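Some structures to go through are shown next.
Shared between the two complexes below is chain A, which has chain B as its partner in the first and chain C in the second.
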Partner chain A sequence: MAHLYRLSIVLSFILTVSPSLSTNTEGNALHALRSRLSDPTNVLQSWDPTLVNPCTWFHVTCDSSNHVTRLDLGNSNISGTLGPELGELRHLKYLELYRNDIGGKIPKELGNMKNLVSMDIYGNRFEGEIPKSFAMLKSLRFLRLNNNKLSGSIPRELTTLKDLKVFDVSNNDLCGTIPVDGPFASFPMESFENNKLNGPELKGLVPYDFGC
Partner chain B sequence: MLYSLNAKREILLVGNSLPLTFRANFWLVGMARISYRLLPLPIFVLVVSLLFYQSAGLNSEGQYLLDIKSRIGDTYNHLSNWNPNDSTPCGWKGVDCTSDYNPVVWCLDLSSMNLSGSLSPSLGGLVHLTLLNLSFNALSQNIPGEIGSCSSLELLYLNNNLFEGQLPVELARLSCLTALNIANNRISGPFPDQIGNLSSLSLLIAYSNNITGPLPASLGNLKRLRTFRAGQNLISGSLPSEIGGCESLEYLGLAQNQLSGEIPKEIGMLQNLTDLILLSNQISGPIPMELSNCTYLRTLALYDNKLVGPIPKELGNLECLKRLYLYRNKLNGTIPREIGNLSSALEIDFSENELTGEIPIELKNIAGLSLLYIFENKLTGVIPVELTTLENLTKLDLSANYLTGTIPVGFQHLKHLIMLQLFGNSLSGVIPQGLGVYGKLWVVDLSNNHLTGRIPRHLCRNENLILLNMGSNNLTGYIPSGVQHCKPLVQLHLAENGLAGSFPSDLCKLANLSSLELDQNTFTGPIPPEIGQCHALQRLHLSGNYFTGELPKEIGKLSQLVFFNVSTNSLTGVIPAEIFSCRMLQRLDLTRNHFVGALPGEIGDLSQLEILKLSENQLSENIPVEVGKLSRLTELQMGGNSFSGDIPAELGGISSLQIALNLSYNNLTGPIPAELGNLVLLEFLLLNDNHLSGEIPGAFDKLSSLLGCNFSNNDLTGPLPSLPLFQKTSISSFLGNKGLCGGPLGNCNESPQLSSHPSDTKGTSVRLGKIIAIISAVIGGISLILIIVIIHFMRRPVDMVAPLQDTPPSSLVSDIYFSPKDGFTFQDLVVATENFDDSFILGRGACGTVYKAVMRCGRIIAVKKLASNREGNTIDNSFQYAYTMKVTEKCDIYSYGVVLLELLTGRAPVQPLDQGGDLVSWVRSYIQAHSLSPGMLDERINLQDQNTIPHMITAMKIALLCTSMSAP
Partner chain C sequence: MALGSCVSLQLLIEWIVLFLFFSEASFASNTEAEALLKWKDSLGNQSILQSWVAPENSSSRTLSPCLWRGITCDNAGNVTQINLPNVGLTGTLQYLNFSSLTNLLRLDLRENQLTGTIPSSIGVLYKLQYLDLATNLVYGTLPLSLANLTQAYELDFSRNNITGIIDPRLFPDGSAPNKTGLVSLKNFLLQKTRIGGRIPEEIGNCKFLSLLALDESRFYGPIPSSLGNLSELTVLRLSGNLFSGNIPPNIGTLSKLTDLHLLTNQLSGFVPAELGNLSSLTVLHLAENQFTGHLPQQICQGGKLVNFSAAYNNFSGPIPVSLKKCHTLYRVRLEHNQLSGFLDQDFGVYPNLTYIDLSFNKVRGELSPKWGECKNLTALRVAGNLLGGKIPDEVVLLNQLRVIDLSSNQISGELPAQLGKLSNLLVLNLKDNMLSGQVPVGIEGLSSLEDLDLSSNMLSGPIPYQIGECSKLRFLSLGMNSFKGTIPYQIGNLVGLHDLLDLSYNLLSGGIPSQFAKLTSLAQLNLSHNKLSGSIPASLSNMLSLVSVNFSHNNLEGPLPDTSIFQLADPDSYSNNKDLCGEVQGLRRCTTRANEKDGGMKKSKLVIIVASIASALFLSLALAELAYTMEVNEKSDVYSFGVLAFEVLMGKHPGELISYLHSSANQEIHFEDAPDPRLPPPAERKAVDLLSRVITLARSCTRVDPRSRPTMRTVSQLLEMKAAGSE
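Take a look at the complex of A and B:
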């Protein structure tokens, strides 16, 4: 009985995928992502949810151990939200979701993607705060959150990201002051423009965060 | 076309699979319990009565019903016969009355009538109602609390509507209620604590809502509750131990909530439990062994939680258990052999845990076992031969463990086996050659093992195989004909083996084949035109074989092709323009072949292209500007070809370029287009080994993502842009140009020659120069010896260099030799350069690093510290080489030239920075100003002898040749 049911599910998906070494978890996480997204141009059509290994799904790149390392969905006309399960992609290095119509909050679980080098989610409709958990992304070099609707302050925890090379939060609704420690010492002011930010924080003085 | 593989399992759907049925026994009970006792009506009912006073003929219940109707949208006029002129509503559609002298409404069934709107509080007037069924409509807003006045209500079905808000507390007053179904609405808030008052409740179905909060402990009072299903909600907290009081409970379904905590031991008190579905929660702790008391248990689904500890051996007592799903937890320990006692089991899934040890052979006792999944654990040992006695086995997945040994031959006799997945183990030996003879194999994945021998011939004998993956083994021989003619085949993955033969073109007669991976084998011969028949092909991976000949133009017929990789073969000829008809292409890799000719401009038609790799071929002519139209491109690899002409400025428009832009080792000329500065995502930019000229555009300071670059061996000039990366990049990425300066290359005004002078010995022109230099050196050598002998006697003796006697200040400089020339000591240099700190670096060369040292007297000098460790590190390489004779291969010619210059000019090799910083620069600038004249020769030599000057000028020419060919 279960078998018949399974077949019926199976026949409703396009096949593209081969199971292999990587864990089921990553395929599940990507499938969960797909289920939250609306995809009018079918860029995710190949994301077959019934199989273990997503390495032959389009717009997905794996390493030699079949772990997902890149997700290239920039400019793909997708909308919807991101969920906590995306954080299960522990080997992901590049999360490229820029210039889409994705909204909602940025899941704090994205901070679990310990190998992440680049998070490009600019040009969407993300709202809420920048998760403090991003401070756990110790490999992060590029964090582009610009052109969204993010609010709240820039988490001071991000100053511990010593490899951070590009940090762009321009065109959001952020408030408070701009950190000056760690990598923030070298980011250009254009990365912060068009927010409600109060300028760089003054070290050693009484904090003057207005409205945050 | 619509095929798929179900290699894994679907979620066990608990939310929607139970059909909604009116249970006949409830119905009868309802009839027997009809009461004619009139209850006092609440105030609102009186108000409603007054409102409808004008229709005096209709009784009050009819008026309540009319009020209910008035708030309902009835698009299809199902309620058109609800006539206000009737005296009773008993004839109205959906209304049923008792059949005695004074009939009252006892059933209202308006299910599946496409009704919308809200539910009127007048409902509370229908006090005789025993059945209310409003299911499968689009009713919205809150469930009115007045429903609590329908005190006779026994069956309440509100499921599949759009009701929202909290469950009214008044529901708890319905003491006769036996069935409550609110599933598939938008109800929020927690279950009311008073729910425990519903002492008659037998069926409580609330799945697919937004119910929050913990489950009330009072649930334990529901002694008659047989079915409780509340999956797909937001219920939190732990499963209350009071649940043990629900002594009639048969079905407990709380899947897909946010339950945490442990499963209470009291669960074992539910002696009638048949189904326990707690999957996809956050439940932690161990699986309570008390579950083994639930002896009627048929389905135990605890997967996708955070359960820890071992699988209790007591579960083996569950004789009725048919389905046991414990996958996706953190269970450890070994699989208890008592699991073999589950004699009724049909499906067992322990996958995605941390189970260790061996697969118990007792599993052979479960005669009816159809599905056995234990993939992604840490199992060791062999696959027990005993499993081959499980005649009913249809699906077996033991992938991603540490299993060793061979695949038991007996699997080939299992008639029902359709899925066999053993990938990612360390299995060895030969694959059972009879596999497929009996079973209708559907999915076979044995990849990533150490299997040897041949691919079995009969795998597709029963024409059911859609996936065959045997990649990454040590298989040899050919692809059997039976596989090549396997009509249902969708995916064939045989990569990374030792398979041989020509391209299996019969595969292209398979209408469904969408993915073919034959890479890293030893296939030979051409890729035949028949490839064009593979209409469904989306993925074609042929890399790392010995394919020869031209790429057939028929490749253009593969309209579905998304991934095409033929890299590392021996393909020849031009890239057929037809390939650009494959408009779905996202990844195209032609690397490491012998393709010649131009890259057609039609490349720009591949608008979906994300990765384009053409490196290491013999492609020539211009890079077509159409490449700039590839707006989704993340990586462009064109290095190691013979592309010529300018770099198209259009490449700067590919804003998605991120991974790399590699145009190195071509014959590109002209300037670097400033537009490339727009590639703000780009991480690696390789333009080295071309003939690019002009400056590196200032716009490159916008390349904020750049992690690496190489501009070496071009004809570039001018200052480096201010990009911080350029300051940090190794000098070797800029060497071999005409005159780059700034950054690591040193100040543009003061001493450009120090560092930007060509020194790369890899370039062919440099190699040629080296040969000339060596020949010159040999020719000059003989005369040199003479000159040295002559001059040595004419000149005052040079102080010998004494090795440093003082204790060096740190290990960093411990083996540096120094010369006490010119009035400064080694200690002075250490002080002036702060122990050779990086901030004093002027430049780096192949032989060492040049530091700027400001001496006490205010003189600025350049100090070179040799790079080679332990042997001959000196402050002044050429000088030191001359006296220590420690000459390295790289630096010999240059140093030889410097020694000559020293001897000829009588000047120290280290010169003040304002005079060029070193002797070579000084001599050059002198010659530029005064030509090769005797004025630069050592004044102390007697130049009156007319034979001396020509000899010295000849030696000077040799010295200049040497120092121009290989600067360190």
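Take a look at the complex of A and C:
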């Protein structure tokens, strides 16, 4: 809290001294993310919002057009929540927020990251449901949501993610049945263990999928 | 009585004059209050303007807005300021009657949600000194009547949807005396708008202009050379537009200029050497243009340069001479040019420097020990140059370093022995150099390291096992070196490895550590082109995140691990080995594992069988709970359960066995008749009994006539009894 206070003082100073923050949308999105997070080890110290883009910030990687492609904050002792602004990172390929203490719901706006290849938010305190909007992440190969407090069922819509190679939701509070179509045919059972899941959905004359 | 009536007439007139005088003062106030109230009404419900009310018992004479929120008056009761920044105002300025508010000196409505256009009537505010409408939703064009604001020293229309151009007539025309035009203008801000067109040369007539900020709008054309006449100019921000042509040399005469931002435009030609005359310069941004020629050599002549960027241009020639003694430097970005020069000779010591990027130029020389005095350095990027020499030991003193990228140079010598002192280092990229010697064991000190790339060098000796202590590693590439000896099993401790583990093209021998199984997040594994022997450990089937493997060009033999990533990999992943076997094209098929070690294996296999049945039981119990109230067609699921039970016991689809069972109606089936050929038969009698009874149950589930199949309820009860009975 004290840190946020200090930050806002610094920011208001910057606002009065220099005419404007950077107008870069992606930088502003990351700056908004920073204000939601608590960062006791100062991992985000280099995140200077007055720079013209976030591409020289540490833990941020950009492509040659100065679009953010990687956000690497795994194992960084950060807590707080995520917000809808992350959906502005339309060129993001790697969202690495694993093994922190981030809580709250997973914003459905993460489904807007059309270019996402890897989403690793395992090992946090995320709650609520897995957003159905993840079905829009057509390039997704790695989706690791394990070791959180997620509830609800595994959205059937995820079976449309043709490139999904690794899917791990183990160690959550998920219920319902496990999809069997598409990429789900090849995920090992370890990916689903330690939930309240009712096993694979059965396709047959009698539907056993009863939600939760 | 003529005299008396004259006196009383005179008194009357005086009284009337006095009356008019006083009432005019409050009358003016009333008009102002009325104008404000009328505006308030037009805005709809604005809770912030709650104080803007006419008290019920007031006459129009006593109505004073001076105590209203955001309103400031002078001693005469005239409204001189309206200050309502960031209060959530919506609506427009359409109904703000400026002609009733001509005493306004200051109008600050920034950071609201005001929409609509800027009314032309705003030009009547002839006393106005300060106008801030920034960060709203205002649209339309700048009214020409703004030229009447001859007292205005600050105008800010930034972060709005304003379109059109800057009309030259807004500025004084240079004739004396200037009748119209923004003669008093000191601060002019049009950042992030949709205004375009050229900057009129007439702007050079705003003699007092100090801050000109036009960033991120749509301006094009040349930078007017008349800007060189603005001797009071301190900040010139033109970044993020479409300006083209050259920088006018007379910009160099602006002795008070501290900030020159020309970033991200289409400027070209040579940068005038005259910029070296800017004795107050602290920030110079030339990056992302099409400049050619040399950088101005005297750029830090004033000794105050803090921030200098010229990246992503076509600059050639030397590093500016004046940078060597430019001790104030904080951030330097010169990457992606063709600059030449010498890293050791052209740079000095910079106690405030946090970030320097000289990558992708033609810089020679070496990293001199002096760089160890840049104590605040967080990023040192000189990739893709012609650096030689060695990495000085003094580098390890830079304990704030987060990123070192010296890749693609010709640096030789050894890695500093004390490298491990860089405990904050996140990225160490020394790829594609000529480094030799061994990786220091002190590498375990790199406790924050996430990316390590030492590939394409001439490093030798063993891979130190201490690398297993770099617990934050995500990416590790040691390929294309001469590493010898065995792969330390401690690499298996790097459970954070996500992106890549590449040890290819070395001289590594011995086996692949089975501890690699712990790398459950690793996506790509490349061990090719080594002398590795033995088999690929079966435990690697635990590496559930793998999408790409390469074991080719080794001396490996034996079966591939039985997960799909191994079994379905490209044949190139395994080529040129000793005797690998598996279902992959190009490899021979593996023979059956007849020589399994006995002893403890039998018991654990038995446990597996029972556990499988228990899982099937659990599944069926769960289903049975629901299914027992269902109709006749649930018997097809009972059939499926029976098939499943057989499949668990036999290790494959029962297929022909079921039809055999149907033909031999009442025969007892013993476990021995339907074994999984891969497993040894159970020795204990209890197990045999249990399994035989499960077979019988499974058989009854697969009867042809659905009505003679048990219900799932019955099945679950029978299985529960059997499970209890076997204890």
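One rule holds for everything that comes next: the second predicted complex is superposed on the first by the 182 of 212 C-alpha atoms of A that agree within 3 Å, B and C clash if a C-alpha of one lies under 4 Å from a C-alpha of the other, contacts with A are read in each partner's own complex, and residues count from 1 in each chain.
What we mean here is this: a contact is a pair of C-beta atoms (placed from the backbone, for glycine too) under 8 Å apart; a residue touches a chain by one contact, two chains touch by 3 or more.
Keep in mind that what you see is a predicted model, and the values were worked out from it rather than measured.
Chemist: Classify the contacts of A:56 with the two partner chains as first (chain B alone), second (chain C alone), both, or neither.
Modeler: A:56 sits against chain B and chain C alike.
Chemist: Using the touch criterion from the header, give the chain among chain B and chain C with more contacted residues in chain A.
Modeler: Of chain B and chain C, more residues of chain A lie in contact with B.
Chemist: Given the touch rule stated above, what does A:199 touch, chain B (first), chain C (second), both, or neither?
Modeler: The second partner, chain C, only.
Chemist: For A:165, using the defined touch cut-off, is the partner it touches chain B, chain C, both, or neither? Pick first, second, both or neither.
Modeler: In the superposition, A:165 touches chain B and chain C alike.
Chemist: Between chain B (first) and chain C (second), which does A:190 come into contact with in this model arrangement: first, second, both, or neither?
Modeler: A:190 contacts chain C only, not chain B.
Chemist: Of the two partner chains, chain B (first) and chain C (second), which one does A:120 touch, if any: first, second, both, or neither?
Modeler: both
Chemist: Touch test for A:96: chain B only (first), chain C only (second), both, or neither?
Modeler: both
Chemist: Both chain B and chain C touch chain A; at which residues?
Modeler: Common interface on chain A, chain B vs chain C: 19-20, 23, 46, 52, 56, 58-59, 72, 74-75, 96, 118, 120, 141-142, 165-166, 186.
Chemist: Spell out the part of chain A that touches chain C in their complex, as residue ranges.
Modeler: 19-20, 23, 46, 52, 56, 58-59, 72, 74-75, 96, 118, 120, 141-142, 144, 165-166, 168, 186, 188, 190-191, 198-199, 202, 204-206, 208, 210
Chemist: Spell out the residues on chain A that touch chain B in their complex, using ranges where they run on.
Modeler: Touch residues, chain A against chain B: 2-3, 5-7, 9-21, 23-25, 46, 48, 50-52, 56, 58-59, 72, 74-75, 94, 96, 118, 120, 141-142, 165-166, 186.
Chemist: Please give the residue numbers of chain C that touch chain A in the complex, ascending.
Modeler: So the residues of chain C in touch with chain A come to 156, 158-159, 189, 191-192, 211, 213, 215-216, 235, 237, 239-240, 263-264, 285, 333, 355, 357, 378-379, 402-403, 426, 450, 472, 474, 496, 498, 521, 523, 544-545, 547, 563-564, 619, 622-623, 626-627, 630, 633-634, 636-637, 640.
Chemist: For the complex, which residues does chain B have touching chain A?
Modeler: 1-10, 323, 328, 347, 351-352, 370-371, 375-376, 394-395, 399-400, 421, 423-424, 445, 447-448, 466-467, 469, 471, 490-491, 493, 514-515, 517, 538-539, 562-563, 586, 610, 631-632, 634, 656, 658, 681, 704-705, 707, 724
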